[in-house]
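You will see two complexes here that share chain A, one where it goes with chain B and one where it goes with chain C.
Presenting the complex of A and B:
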């Protein structure tokens, strides 16, 4: 039997994309669409007192103006989480379609619908807005002060949530004589996803229902949110998701779909398109939470931990979106990655007047790894121990089980990955070679490991549905609610289906695009859940389909089911291996049979009550020009244990992309804000320094393949993990090169100048 | 009205993917708008509309341009090639798209058309570039999925292929 899983199959959508024929949202929108443009607030905090629409309405081509004074009063949540029927576990519903209480510079306050883009844009410019301005706050800890402006009602000190971890007795443990205290503050920046396709959607009414075609990762969730926001039954909404030009978590939120859905209802169901500019994508979609972490470790001289403490302050921005889930996930890794008997952890998610932070590739782990892995190197340095040796000694051992998720570290994944990365970068030789450098240009090597888990169980529901439909020729279509967003899950799924059903890869046809009227329920692309979670429903549905096929084969061949099998698209008599008939012959016969006609299909839903650790590391080599305050990345490798590789070539490609994002995170990317106004300063792809082709060395992706026992295909998370350890590895390489702990990213010349000056490496 | 029409609209004659064409175009339109809206060549993508991301790249008289910051009326008399022009009449993939497929250089696919057109321009030069030179030549395009690694592999493969080297 030919096996498809484990082979580097060409992407199933490669041809459509290589020819430019793949249709993305904008490519599907009819040119008759009305165009909606949003009026964004030009203050960071306050109330809209009035909006004079007179002039706007007189502009030729302006169809309708809708302001924050007209929208329905249905506060709704936007996070791309599965809905919870438990009110205490539901996402915070803190937005209206347009807002009178403006909470960040760029908030939505009105919309102009025009016959074309020019009219709509002119209409927005012609609106006369009067505000009552309030003071605003951008810094996360300033926002917690008693005299800080109150951003959301019902959240004193702007604290959206505070959770803690208490393990052992931290206060008692630190009294142990002879302990060494290592303490640090670590800051990560506000960054943006920068998928190349901006978010857009279009909507219209059909048969009394609202249809929204959107660039989203989560069609079924967006349907629910649109229903909530418009106050209409969820079944009155249909969401269609075409090919999408990247998402990385930004499109794991209901962005402008609810607003667009509402707009079509305000113009008699006519087609309305709402397309974000790049500037809107930067400011008025979602960003990654900037998190400030404070870590204290109490270490024995032998290099073991006696007690550890973490405080993390997560900058939520204006609206709750994914909220506390991000910093909570980050804090969750803290006691697990380096197990210690006495741990105190406190995580705060705090509203500020910045753009709303949501999900972004890594979901709190890139922030937690920058703080945690930088700190580990600080500890090793204080003790005079090699940081690799320190990790080997303290990192989560094989057999470790987390009590909450029940995750088990089945293999010695961390140490295996560290060994592989160390060999690639030639760590020991370089560590020695780069000791005791004194010149202005110095090299260094550094590493960081990362912790990750797969999917959202047991925090939230994990469920996936799959449908398979057999064609007359023995090929099949399959659908899942889990979306292809560029990562390649349609291809990986097709490989799984081929093997699980027992047909050739070429006979598997994926229905790539989701339509909530047609696609079985699934919550979408996030949490690096696709191959792991989707694998369960694919296996379960394949088994159900096989059962029907073999039953039909029994009817047509009179061979007992116990003696027949489906292999490579053929019905085989197991006893002697004889091919009884092809699946194509069976399918034609059974469908058109005058006695036992049957349309063979299968559809099942799998609820997944397990989770899987997915670990790995990065090693980086840098060259630091001290007088110029610049860091050049010379070499970098990521090593992942994501279980069995379904498609090695696509897995490698996935790692490259994550590494690139991590490099930008460590060295160049940061959304900056004007302290005087709260306005974003670099909300475009020129001034926001996303890594270009020139900013990367070769990206080396390697794997350790320990099959994950809880997965039917031995697989686990790979989507987000590649972004998690690159930035701290680069930071630790800078530490080795210069002796300076840079506890803030991105490590731009502005930051390095202050750090190097402070360390006496350069003078004014 | 006639006067306004004359001011605001103009007939633009050009050659798109080997075919002589003409249409009346809004003088304010970008070449991206004309190709996408008037000719439905939706392989030309929009990522920023200010010449930063490279997704809208097309070849104009053999040279790559960001079509979003090139007025449609400037296309008068020009030869324009979009990704569609690199595909054979029977859907055959030419060297560059084939190399992008083979080297897993496509993920979400949104930046790919632009990249492939710059890669085509590189191949047409008939020069064996170093990796550093290729990185610089391709640096006008942004990609968030691939880390550029497999794009470099694909362009190198296509370049060596074109130069008759393995």
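Presenting the complex of A and C:
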């Protein structure tokens, strides 16, 4: 069957994007739009007592001021999760469009709508806000204390959720004589997605409905949330999603679409645009959860685990957003990755007065892998075993099945990936060569594996719909609810459609943009699910379309369906391979037929009740300049088993992007907060040290292609996995180079300065 | 969209002076890579601007009648780096300003703007201090020249009087003759960053390349304004070159510098890096000057 799947087809949007012709949200907004600017709180916790709008309203060009005292009282959830009709599984509805109870420095308290940006900005500056200030808390464990300020009602000790794992009997198991205890605390930072295009949307009313055009990953979910936030039927809302300049999970949340939808209703349905600045993107969108993990391993001298324990504390920030899902996913990987008979796990998600944490590429796994894989190296070091050998001995074996998800490690994915990474980096030789170094500049190699899965089943709904419409010339359009957010799914899908229907790649036209009025239902781009989940509805719809095509071919050729096939856009008689007609001839003939006119289309919904492991690893080589407290990354490789590659060039690009994020995560990125005020200190791209091209060595992406048996196309997750193992690999390379365990990222020079001083590597 | 009250474009240096006198509250704008950012942040919102960016007469590098290297204040960073006079006599300045921001910023940003901002982290500032640059200002009373040390009053404030604009930066021959330097920008990433600490060292060796005839060192971000470290310079004066001298020289900087604790870096960290950078920049300068260690 396969002709285009597996080939590095050029992106279907390459020309539009490279020439600048592709229309993004801002390109589509008419210049007549009113501009909305948000007034953000300048305290971290408290109540807005009053907002004096008098001066703001007098500024020329200010159209309207709306404050937190005016918005409707419909608390709504923002997480980009599929809705659950079971109230116990619904996301937490904990915010209003504008909030009187301010829960972080940067909370939305008012909006000024102006004829232009300058007027609206001046209006915001002219607002006079009075607060009743409350004490605030930023640290996740401080927030759990009895005397901590209460951030959200109904959550004692600010605990949004606490779940646990109890496997075997940890307390009994640790009594085994001769066990070695290895314990560590590991901290990961608050980071932000830093997609190129800041979130923006514009809104207007049309025919009694609200239309929102938005830079979002999840148009159908955003429609539901807008309906909930405004208290209007969901059908009264229409969301349009154009091309977007990246999302990485930040836009897997309803951000300002509900507010913008409300604003247009307050100015007679006029066009209103709301565009985030970079500063707002850092603070008032979503961030990655900072997670503090405490791991204890009880190990036998032969290198096997007797018992393991994990406590993880996830800093949720002010609002629930994706909430406990993140740390829960991380904890879920803990007993699976290194199977052990006795495991205790406790995960807490805790409100603090920081920006709200939501989805971000990796969804809890980069945090879990930093803690878990750093700890594995600490264990190996304690035992004096090569960390790679230790992993080979303990990591999830072939044939392992997870009881909950039913995921199976069909192939020996972990060990195959480790072998490939080891060869690329020349691990054994370097490990030896870098032993026992002295001097100010030292090198090291390190590695880390990662666990991932694909999509959200069985925790949540997996559903995908696809529509195909045949044209007179034999080409077709197709649509899905899964969104192109730069990752290339439009191209991968086009390849799948071509092969599944049996037509050339160039005859497949993707309808890239989603419009909830016309796009079949789908929940959007997240969970590394696109090629996996979309593959099911594409295959199912292609089969339905083929059935109609072959039935028409039977009508027109009089050949039995059992003897005809559609191959490469032609109706073939299978017995002798004769081309009976082209698909274009068939399509034209049957559409204009005076006896049996048919417009051949197909649309189906697939529910997916499976999931798939997607594993891999990173190997890194570093050079540490001890007196300068710097780490130079010399080489890094990621190896992934993401099943059959649909498009190798795009897969490689996906891995490069994830590796880049992992490098920043490990070495430089961190959103910092003023302890005295709770204000973000570095909410801009100068002070927030996103790693640059100059901070990257060559990024090597390699693959192990074990076809995933549950997928119609043999594929599984690749969107998020590349971000998961880079940081701990770099950390472990620094450990090999210096003997110093750095248990917090980013490993900035400031951190290394303290660590190296502590280890006596640099003098006071 | 910028919140700008008015923009006046100067047609000549004289016209710029007149505009300055006519609009004393107005802000001078050259390349705009700082002013427009601040305007967007609201710090300079609603202000009048006087643009001097079109004044080619104060753009470019030359050697004047007194053998000074004359750098017109509007010369962009990328032009300085590529300029042959700079490369021949004071290459370290070209290297230093080649580490400002990214390529686009280096094309628009000017050395005049870099110094007039009065910020301690400016990549050109420590090198200009270490090379004893002279700042030339033109105002209603004519031309005024002052040492760069005196030009910096305090953080964010420089000595530009009413009606004046900075027109050139001069490097005297006494400073650049037979002198070679090295600049170490210490920052948190390898591009698009401001200096956590900037260290600029230059040395002049004896004819036999064995003795330090003169050493100069200046820092950015070791205090509120860029600063020299005279104690270190004195320690090296007339001394034979050696690794030990580099150690002595670098440790002596602690007697002069005064970095502060901030969220960007601690005082202890900056002091540590200052010593290490001083040592490395000194050793590199000595080697570039032909010294063999």
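One rule holds in what follows: the second predicted complex is superposed on the first by the 762 of 764 C-alpha atoms of A that agree within 3 Å, B and C clash if a C-alpha of one lies under 4 Å from a C-alpha of the other, contacts with A are read in each partner's own complex, and residues count from 1 in each chain.
The rule is simple: contacts are C-beta pairs under 8 Å (C-beta built on N, C-alpha and C of every residue); 3 or more make two chains touch, one makes a residue touch a chain.
It should be emphasised that the depicted structure is a prediction, and the values quoted were computed from it without experimental measurement.
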item: Touching partner for A:27 - first (chain B), second (chain C), both, neither; value: first
item: Partner chain(s) touched by A:118 [first = chain B, second = chain C, both, neither]; value: both
item: Partner chain in contact with A:179 - chain B first, chain C second, else both or neither; value: neither
item: Chain B versus chain C as contact partner of A:245, first or second or both or neither; value: first
item: Partner touching more residues of chain A, whether chain B or chain C; value: B
item: Which of chain B and chain C A:692 touches, first, second, both or neither; value: both
item: First, second, both or neither for A:627, with chain B first and chain C second; value: second
item: Partner chain(s) touched by A:668 [first = chain B, second = chain C, both, neither]; value: second
item: Partner chain in contact with A:267 - chain B first, chain C second, else both or neither; value: neither
item: Chain B versus chain C as contact partner of A:750, first or second or both or neither; value: second
item: Doubly contacted chain A residues - partners chain C and chain B; value: 118, 685-686, 691-694
item: Of chain B, residues touching chain A in the complex; value: 28, 36-37, 41-50, 52-53, 55, 82-84, 87, 91, 93, 97-98, 100-102, 104-113, 116, 135-136, 138-139, 141-152
item: Touch list for chain A against partner chain B, complex; value: 8, 10-11, 13-24, 26-27, 31, 118, 193-198, 243-246, 248, 277-278, 485-488, 649-650, 652-654, 656-661, 684-686, 690-694, 696, 698-699
item: Contacting residues of chain A [partner chain C, same complex]; value: 116-118, 121-122, 125, 627-629, 668, 672, 674, 681-682, 685-687, 689, 691-695, 748-750, 753, 762
item: Interfacial residue positions of chain C with respect to chain A in the complex; value: 1-3, 42, 45-46, 186, 188-194, 196, 263-266, 268-269, 272-273, 276
